[in-house]
Every structure is written in C-alpha cells, then in structure tokens.
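First chain A sits with chain B, and in the next complex the same chain sits with chain C.
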Partner chain A sequence: MIKPLQMNEAKIGAAIAIGFLLFNAIFWLYPFVWLAIMAVSEWRFFDAPVFSGLTNLNYVLQDPEFWNSFWNVVRFMAYFIPIVLISSLAFAFGLQHLGRGKVFVALCFLLAYISSGVAYSLVFTKVFSETGPINLFLLDWLGYTIPWLSSPTMAMFSVSLVITWKFVGYFGLIFYSGLNAIPKEIYDAAKLDNCSAFTTLFKVTLPMINAQLIMVLIFAITVAFSIFTEPYMMTGGGPMESTNMPQLVMYETAFKRLQPGRAALMAIILAGVSYLVVRVVRKLFERDLEIV
Partner chain B sequence: MEKIIQAMLFTGILLLSGCSENNSLSDQNKVIKLWVAPNVTQEAFWKIAIDKWNKSGLGLPVSFTTIPATGGAEEAILTALVSGNAPDISTNIFSGFAAQLANLGQLQELSSMNGYSQIIEHRKMASIMKDWGLNGKQYILPLYSNPVLIWWRSDILKDLGFEQVPQTYDEVYALSKKRAALGNKFGLQVTAGKEWRDRWFDYISFYYAEGNGLPYIKDREAQYDNDASLAVLTFIKTMFENRWTALDFDSDDPLTTGLVAGAVHGPWDISYYQKMFPEILKKIAIGPMIKSTKNRPQNKSKTSTFADSKGLVLFKSSQVKAEAFAFINWVFMNDELSILWLDKTGMPPARGDLTTNKMFNDFYSTHPLGKAYASYVDVAVPPAFIEETIDVQKVMNVEMIGPVKFGIKNVKEAAKDAVIRTNKLLGWAK
Partner chain C sequence: MSFLNKISIGLKKKTFGSWLITIAMYTLALTWLYPYIWMVTASLKPTSEIYNTSMFSGNFSLDNFHFLFDSAEKLDRPFFTALLNSFFVTLTVTFSVLLTSGYIAYAMTKIQFKGHKQLNNFLLFQMVLPGMLLTIPMFVLIKQLGLINSYSAMILPSLVSGWGVFMMAQAFKGTPNDYLDAAKLDRASMSQIIFKLMVPLNKSIVAIVGLFTFTGTWDNFMWPLIVISDVDKMPLSVLLATFNKQFGEYVGPVMAGSVIQTLPLIIIFVIFRKYFLQGMSLSLK
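Take a look at the complex of A and B:
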C-alpha cells in the first residue's frame, strides 16, 4: 500500500520531471517521429506528405554525391584525428608545465572554440587564398604557393587544420584534467624502474588517460560526421566535391532541391553509421582502468 | 502541488498562443506586402516608387521590407511560404527558383492576369519573355537584365602595349604571357568562384559568347558537349596550365589590386566601384566577352553573353492578387520608374527598347559605362529555365571545370561526362 508521504513525493518527482519529459517530447521525440515519417514519404514542403515506400531509399542508394560525402568523412578523419590528438596532447602537456598564466593561456585557446564559425571561416578563406598572405609569403621566400583551398587534394587538409584550431583548446583541457588525475607516485615508480620518457609516455601517461582519449576520439568522430559551417563557407563543398560533407548534401537536398524526405533518410543513415563507428572505436580502444 | 502544475499549464498555453497568427488584425488593415532584395540601391528605388504609389491612392497601400537575411533569399522565401508568412509579391527571384516555385504550385500565373499583355507590349518584352516561360505560361516578370562583360584595367593594358581591349582567346594569351613575365601577375580572372552560381559568370558567359547564344540545355536535354563548349574548355585549360590565372582570388578583388588585368563584371559593380574605388573605375575599359575569333554570324553585330536577370513573382497564397497585380502593372508601365531604376541601381531594366527609346538615350549620354551594358542587352541570354539549375551548375563544376582546371581530364572527356551526368539528373528529376 502506498503511504500518503510517498504519494506526495511521487507528485513532486513527477512535477520536477515533467519539464524534462515535455522538453524531450517536443524537441526530440516529435522531430524523431516526423523524421521517420518523412523518410518514407514524398513531400515537397507545401503539400501533404504521401507515403512513398522505398522510393527515397532507392534514390539515396544511387546518389553518388551522398556516398562520396561518406568517403570525405573518412578522409577528414584521417587528417583531423591524428592532428587534433597530437596538438591537444601537446597543449595539455604545455599547460601542465606552465608556471604562471595557466588560466589566461587556456582561455586564449578556448576563444577559438566559442568563436563564430562563419566569422573565422571567412577569415581563413582569405588567409588560405592562393593570393592570400600565407601564399604571398611563401612565394616571396620560397618561390612557390600552396593551393590550400583550391586543390582537391589539399582542401580537406586545410579544412581539418581550421577545425583543429577550433577544438585544440577544448580537447586540450579534457586531456589536462586527465593528466592532473594521474597519481604522482606512478611516475616515481617509473623513474625507479629507469623508464625512458618515451616508455613513460606510452606505458604510463597514455594508458592512464584512456578515458579522456576515448572521450576526445568520440568527440572528434562526431565532429567529422557533423561539420557544416567550415566547408560550406570556405570551399562550398569543392573543389570537385572533395570537401562535400554529409551535412552539406543533406542541407542542399532538403532546402535547395526541396526534397526533405530524401534528406531525412540521409540523416537516419548518417546517424546509424556514426553510431556504429563510435561503437567500434569504443570496442577496440576503450579500457577499464583501475588503480589498485 | 496542483498550483504548480496549473501554473505550468497556464504558462504553456500562453507561450503557444503567442505563436499563433493574429488574423483579425490583418483582415482589418489590408496592405500589399512586398519583399525586395537586401541591397541599398534597390531599396532606394522601391522606397521612392512605393511612396509615389501610396500617395496616388490608385489601390491598396504597399508596405515593403527587404528579404530577411538568413542563408539566402531562397531559404527566407521558402521558410515564409511554408510557415504561411509569405508576402504577396517578392522581387530578387532567379529563373531556377521561379521554376521550382511554379512547379510546386506556389506562383500565380501572371500571363493570365488582366493587363499582362499591355506590360509586355509597352516594354517591348516579347523576345525577352520567351526565355522565361514554363509550359507556355509566365510566372515571373524580369525586373532587370544585366549583361556581363569584361572589365579591363586600361592602365595595365597600355603599359603592356595593348591599345584595344582583348576580344579573342589569342589576345588574352598574349596579354597573360606578358603579365606572367612580371611575376605573380595574371591576365584574366577565368573562374569567378567556388559557388554553383559562379558558373554564370565564367563558363556559361564564355559558352554563350563562343556559341553565339546557343542554349546549353534545350527541352530538358544538355547540349554542351559541342564545339563551342570544347573551345571554352580548351581556353580554360590553357590559362590554368600556363598559370596565367590563379586557382582562386578569394583574398581581395584582384582587379582593384592589379593582380589581374581583366575580370568579368556586371553593371551592379559600377555603383560599388564609384563608392569604393572611384580612381580604379576611371581606368576601367569595358569589353565584350571573349571568344575564339572575332567573327560573328551575319545577324549578330555583338558578341553574345550571359544575362544575370532577376524578376518579380506574385504568390498564389496572396489574398489580394488582383490588387497586387494592379501595383505590379503600375510599376512596369511607368516609364519614369524605369529611369529611376536605372538611376538608383545602374542595372538595365528588362525592356526591349533600351537602345531605341529616346528617354534612355538621355540617361546613357551621361553614363558611358552603363551605356556599354545597355548595348549588350539584346545579345544577353538568361540561364536555362529549369528547376535543377543548382544541380546542373554543380555538375558543370565537378565533372568539367574542376577536372579541366587541374588537368585530370581532357576537354572532350570532361564535356561528355558532364553532359551524361546532367541528362541523367534531368531525366531522373522529370
């Protein structure tokens, strides 16, 4: 039998939870159900959606632009993940050894993370232009220029450099918190065992921050599947679709080609693939860490 | 506890009611809502025109606002249409978007409205309108038609011993060779940019020039694997192969810095340069679009080019269609407004009598750069009137311009691949 006190607690609990539940129902459940309906419907915004079965799937499966954008995600990850992991680790190590002004330096790096994507993309477009300041400098001093954003092979690398610049402070702080949590005694023990710096890094430090490494790795993967502003502003998905990411394809399919049904299906496929990649990465690299 | 829940419900209802439209108010105060391009010069025109209309008492008052700046005019208009907040009339509509909206049943057919034929007759627009029809119906009235031409820095040409502006590929090669010898200087800005719309200002402009206005898509079939296209692609290839043009000019306007001697520009740049680079503008000589030879067919006295043209549409959702069209009729039939448009924007109004009507002669006698543009209106061809404009121009970029620029494909292969992919796209989208 439920006592009156328990009833009251239940009511208070429900009242507190109702906001969260309503929020999720409106901003998560409703769009999700609508997304699923759209994925199997022919709809062009103005008319009522009509059930179209597998028509959208047939279209999406045969759309070379969409599948090429997945290949671009792989290319982006190949550049971005190593660069951002190494830079963020270097930043975290540097911050650890910094005596004064730690907060100031950390904030300076975090500024990039909170900056407007549109604003810095425009700045980097000019900086990386074939006739921009970096290339003018290279031309004066070395006699050649680098087609940072105008070559199909270089453009993705340049975009990944800009996104690394954005995330290095944020990811670096995650690593910094992990490094600070490693007990000093473990390093003392490594010293006693005459471990080299290299061995200490790979046998002590990196295994001890496995949780942070996995966290940053998963963040980096989700960034790879979700970037939009930088390629949209800096390259428009070009040259020759070399920086055309899935989010750009979805946006153009929904709002330029006016085919929201196809875009919805693309979104579902993208979510499924990114979830699978995250699961595989966790399975392969995540370790249970226990300090005894 | 119940009070807390009641308060939350009440707040929710208040919030929801705030989102709904107040219909009763709009019924009482009928106005024609007009959206115009977010552009200072066009706003200045519409402000004066609408003041005149509202004071004249000839019909329902008009209130105008610029198209809300979101991602682009198209997104803003689509959002407004879907959410039921669309204006009655909108300007700044390009042909491909008009075709999309017409196919979606969002546009009022203008050719069925009272007074439409008088507008066409009065402005001698019959030949212009043939490029703007969809299934024999007209849904958009072009407001302006901007031929794109090449601006040359006369001071640079003179320094290199060129008395005339280059008009052929060979002349551009000769100029570029001399410029390249100076180190990091280029002859012509060949590609306009990375956006799909930039193809209007490079490949399509060059193609119309070379093919004397030949369509690149006819009856929903791509035609651009022909001799004209191959000549243009060979020109592009030669310019990039020899590094006579840069892969991008994103840093600054290369004509103002002297990085290039020539670049494709529209008449809208006249007022911009007047304001920002008046000294450079004095050195500008306007020349036709370049082609392989100066020879033209007997019926053409000038080299064809691309017409950057945008128009005005009346939405089907409008509750005041007849009244709104009366306003459109007044704007298009009023010659004073055509002069005012020219004066404020510098862009040739879409009229077939620009070079024959005396009232325009007076204006152009004091505006030589504008006159150069007006003289090309009759050979300026708008883009293909198809819903898939964006996709087609992306295909041109991906299959043709890009691979030719980087030497990945030969020109024949590039044109063939682009045409095959375009036809697949057009067939699929049918």
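Take a look at the complex of A and C:
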C-alpha cells in the first residue's frame, strides 16, 4: 500500500530536483560560463566576443582607477571595522545591563538594518550637507562646519559612519547572543583572582566570544568589498575618487564605458581577493574554544 | 556592620550604574531613529524651510507628497506607477520564493532519490560564491533573452532563492517523519503535506524567508538600475535615485519619496518584529 506511493514520491522528488537544476543551469551556470568567456574576450555587448587572451588582465592591472578602488576598500575598512566593532560591542554590553525595554532598544537599532539603502542614503546626504542640520548645529555651538561629504579626506569617513549606523544593531545582537552564552562561573573565578575589569574584558570576555567576533569581522569585510548603493547615492564615488569603491568601478566599466569583459575580470579579482582576506583573518584570529 | 555597609553601597552603585546605562541606551536608541524623524519632518515642510527651521517647527503640510504624485508626472517621473511596480515585483518574487523553497526543501529533506547528496552540496557551493560575480553575466543573459526593460528582468532571476531553500531545508529536517507518515496514510497529497503540515509547523522560518526576501527585493537597487531604463517600469528605489539626480535641490519632494520608499519596510518590520528578531538570532549560530 505504502510502497507504490513512495515510488511515486521519489519520481516527484526527482522532478522537483530536475526543475531546480534546470533553473540553475539557466540563471546560474550559463552566466558563469559567460563570466569566463567575457574575462578573456574583447566585447562591447553588441558584436560577437573576440578572444583576446590576457589583454583584459593587462588592462585591469594597469587601470589606476581599479587600484584606487582597492585602496579605498582599505581606507573604508580602516574606519569602518574599528568603529563598528567597538560600537557593536558597547551596544551588546549596554543591552546586557539594560533592565527594561531590551526589545524596544534593539528594535530601534535594527530598524536601521532593515531600512532602504536608497532612502537613507538620500537622508544622510541632506543631513550631512553643507547647510544641513548637523553643520548648522556645529556652527551654532562651536562656530565651524565640517565638509562631511565634500572633502576628499572626510567623505570616506562619513560613508563609513552611515554604514556603521546601519549595521550596529545587527552586529550588536550577534555579540549579545555570544555574551549571554558565557558561563557566569568564569566571571566568579576571575573575580576570585582579583582580575581588573580591563583584564576580565581582554582575557575572559573577548576570547569567549571569538566565534562571534570572527563572524562579524567576516561580515564587515564582505560589506567593504560589496557596498554600492551608499557611495553611488551619497558621493557618486567622489570627491576626487576618494569614495570610488570597486563595485562602482565595475558598474562604470561595464555599463558606462561598455567594457564588460574588463568589468567581469574585475569581479573575479575582487571575489578572489575578498576570499583571501577572509581566509587570512580566520587563520590569524580564529581560536578553537575549549572550556575545561 | 561594615560588611553590610559594603553590600548596600554595592547595591546602590549597581542601581546608579544601571540607571546611567538605561538612560544612555534609550538616548542612543532615539539617536539611531534621528535620520527617520528628520526624514519625516523634512518631507512635511516646504523645501525653503527644511534647512532653516528647527526639526519640529515650520509649516507642516502634505504638499511634497502631492507634488510627487501629481506634478512629478509632468516631469516624467511617475511615482505612483513606480510604487505599484515595486509592489508587483516584490510580492511576485516573495510569493515565488516561498512556493519554490517549500517544494524544493521538502524534496531535499523528506524524499529519497538519486543525486540527493550532490544537490545538497551544490546548494552549499552556490551559497558561498559571492553575488558580485553574477551581476554582469546575468545582464548578458537577460539581454540575450530580450528582457531588458521588462518586469521579467527583475523577477525571473529571483524566482528561486538558494538561501530560501537552505533555510527551509534546515527547518524541515527537524520535523519528525511520523507526522508525514500519518498524513500520507490519510492520503494527503504532497502539496497538502507541504502547505498544511510543514509550513505551519515551521512557521517562523517560513516567515523569516518571506520577510527577508520582501525587504531585500524592495530595497534592491543595483540590479534594477542596470536592467531598467524605461521610467514606467522602474521600481521606486531607482526612480527616486534618478529624480534626486535631476531635481536634488527639491529636498522636500526627495524626502517625501524617501518616506514612501521606507514606509512599507517599517510597517512590515513593526508588525513582524518578533520574526525579525528570531531571524537575526537564528543566523547567529
């Protein structure tokens, strides 16, 4: 009675699997084949692609804009990673010590994570503008204004502040769940050993949430390599290319300069480098945690 | 005596400290909301007043919203159509992802067939590859299919989500097979088993897949920017960006557009906050 039913089910299961694979053959595998073809071809979207070997590679490696965008990723990470790590940790500690209204506070922060990139980028562009509310406030109280988005030295810092605003709630919740998993006995032991708050933080708390720290670090690196909307909307890559991130260069190269082959190669290099950076970070900082 | 004293001081200190933390956290929470509050108040003021009145003063009216929906048509910026486009694309994608994820996840976890394991490995492999690799070649495919400037360009590539399948498969795995056997004895069809048994039993994961697909699709910017150049097909995110590029000095209407673009996300977030919090802590492991 049940056996033929199962046979029938196996057929349906296989049919679903085939459907899934068919979809992926069209919308996943086929694009990947094209990615490989484009990377080694001279092509402008219209004519037939002509094999050009390593010409694209040569071009990309000598493209100052591409290298500049890598440098911008480094600059972005130099601001973003310390700021977001410290503020997310502070948020998690604060949440831990908060008696009432934990959910309310967490939701206020998470609202930034859920919101629309285009909309908040526009809002921050206006808030940070020369005559915007923040500069008006600074002018009233301190007598000077800050060129948040219009100075090449400040623009990247401002962009990283906005991205921090977005991610603190999410990263903070990750830390919060890590902190909650630390057994209380360890803190009692640290107290008995007369550890200072500083020692407890660096020798007990942070090593105990190593897994969460690594996870957030990897997220942050991925964000650094893949942001597009915020710099596109807020600065357009400027001023003086100071916020020209790799995704913007890729977009420009493919759709404004009509060199999809070079852009495809950029994407491959970019994905490779971000993978390597993540590997190095894991190798350097990841610890196997064992509580004896 | 001194011992008791110490304890009471300790208690007092703790309460004082926790008061301080409470006040600090609430202040920060409101600071985090500041961009939203500023956006809403700016959208209600005439542009000339936005930068020179304090946040809650000025002549509040809905003029900016009227301007967007009425006169923006004359500027060739059909905001109402864009809003409908956004809803159409987002709802179609969300509905399809829920449907396909349900079937595929069920097949992958509850049906034995050949190539079962390879399918699982493929899914994991697909999920670790960064999406930025696919953007440009996906454009090539859409162009070859002749779908540039069509709704299909925004919908077709997102009909199935590897992440959605993965999440649902993780959940379905934990549902005991006894339930399924009972349902099969009652001659329930596979669709009935999936949508009357598996989905209700794993409500929160299904909700998470649906909600994050919705917010992600609604917020999608780079892809529609690439494939849509016809203003009548643009989703709100792209239309708003092009409007700002051309009429950026109309701060009031731009903020009104931002409010409309943000509002559906906020409403969904507030209604389904329980699932969002669950979803965040799910990915914590």
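A few remarks follow.
FYI, the second predicted complex is superposed on the first by the 263 of 292 C-alpha atoms of A that agree within 3 Å, B and C clash if a C-alpha of one lies under 4 Å from a C-alpha of the other, contacts with A are read in each partner's own complex, and residues count from 1 in each chain.
The criterion applied here is as follows: a residue touches a chain if its C-beta (ideal position, glycine included) is under 8 Å from a C-beta of that chain, and two chains touch if they have at least 3 such contacts.
Predicted model only: the values in this text are computed from it and were never measured.
With chain A as the common reference for superposition, the partners chain B and chain C occupy clashing space. In the superposed pair of complexes, A:S116 makes contact with chain C only, with no contact to chain B. In the superposed model, A:L139 makes contact with chain B only, not with chain C. Looking at the shared chain after the overlay, A:E252 reaches chain B, while chain C stays out of its contact range. Set against each other, chain B and chain C touch different numbers of residues in chain A, with C touching more. Applying the stated contact rule after C-alpha superposition, one finds that A:D193 touches neither chain B nor chain C.
Taken together, the two structures place residues 12, 45, 126, 131-133, 255 of chain A in contact with chain B in one case and with chain C in the other.
If you check the complex, the residues on chain C that touch chain A are 17-18, 21-22, 24-26, 28-30, 32-33, 35-36, 38-39, 42, 50-52, 55, 100, 103-104, 106-108, 111-116, 119, 122, 126, 129-141, 143, 156-157, 159-160, 165, 184-185, 190, 215, 218-219, 221-222, 226, 237-238, 240-241, 244, 251, 254-255, 257-259, 261-262, 265-266, 269, 273, 276-277, 280-281, 284. Interface residues of chain A facing chain C in the complex, by the touch rule stated above, are 2, 5, 9-10, 12-14, 16-17, 20-21, 23-24, 26-28, 30-35, 38, 45, 91, 94-95, 97-101, 103-112, 114-120, 122-124, 126-127, 131-133, 136, 165, 168-170, 173-174, 177-178, 212, 222, 225-226, 228-229, 232-233, 247, 250-251, 254-255, 260, 263-264, 267-268, 270-271, 274-275. On chain A, the positions that touch chain B within their shared complex are 8, 11-12, 15, 18-19, 22, 44-47, 125-126, 128-133, 139, 147, 149-152, 235-236, 238-241, 252, 255-258. Against chain A, the residues of chain B that register as touching in their complex are 1, 4-5, 8, 12, 71, 74-75, 78, 81-82, 100, 104-106, 184, 194-196, 246-252, 254, 259, 388, 390-391, 397-398, 402-403, 405-406.
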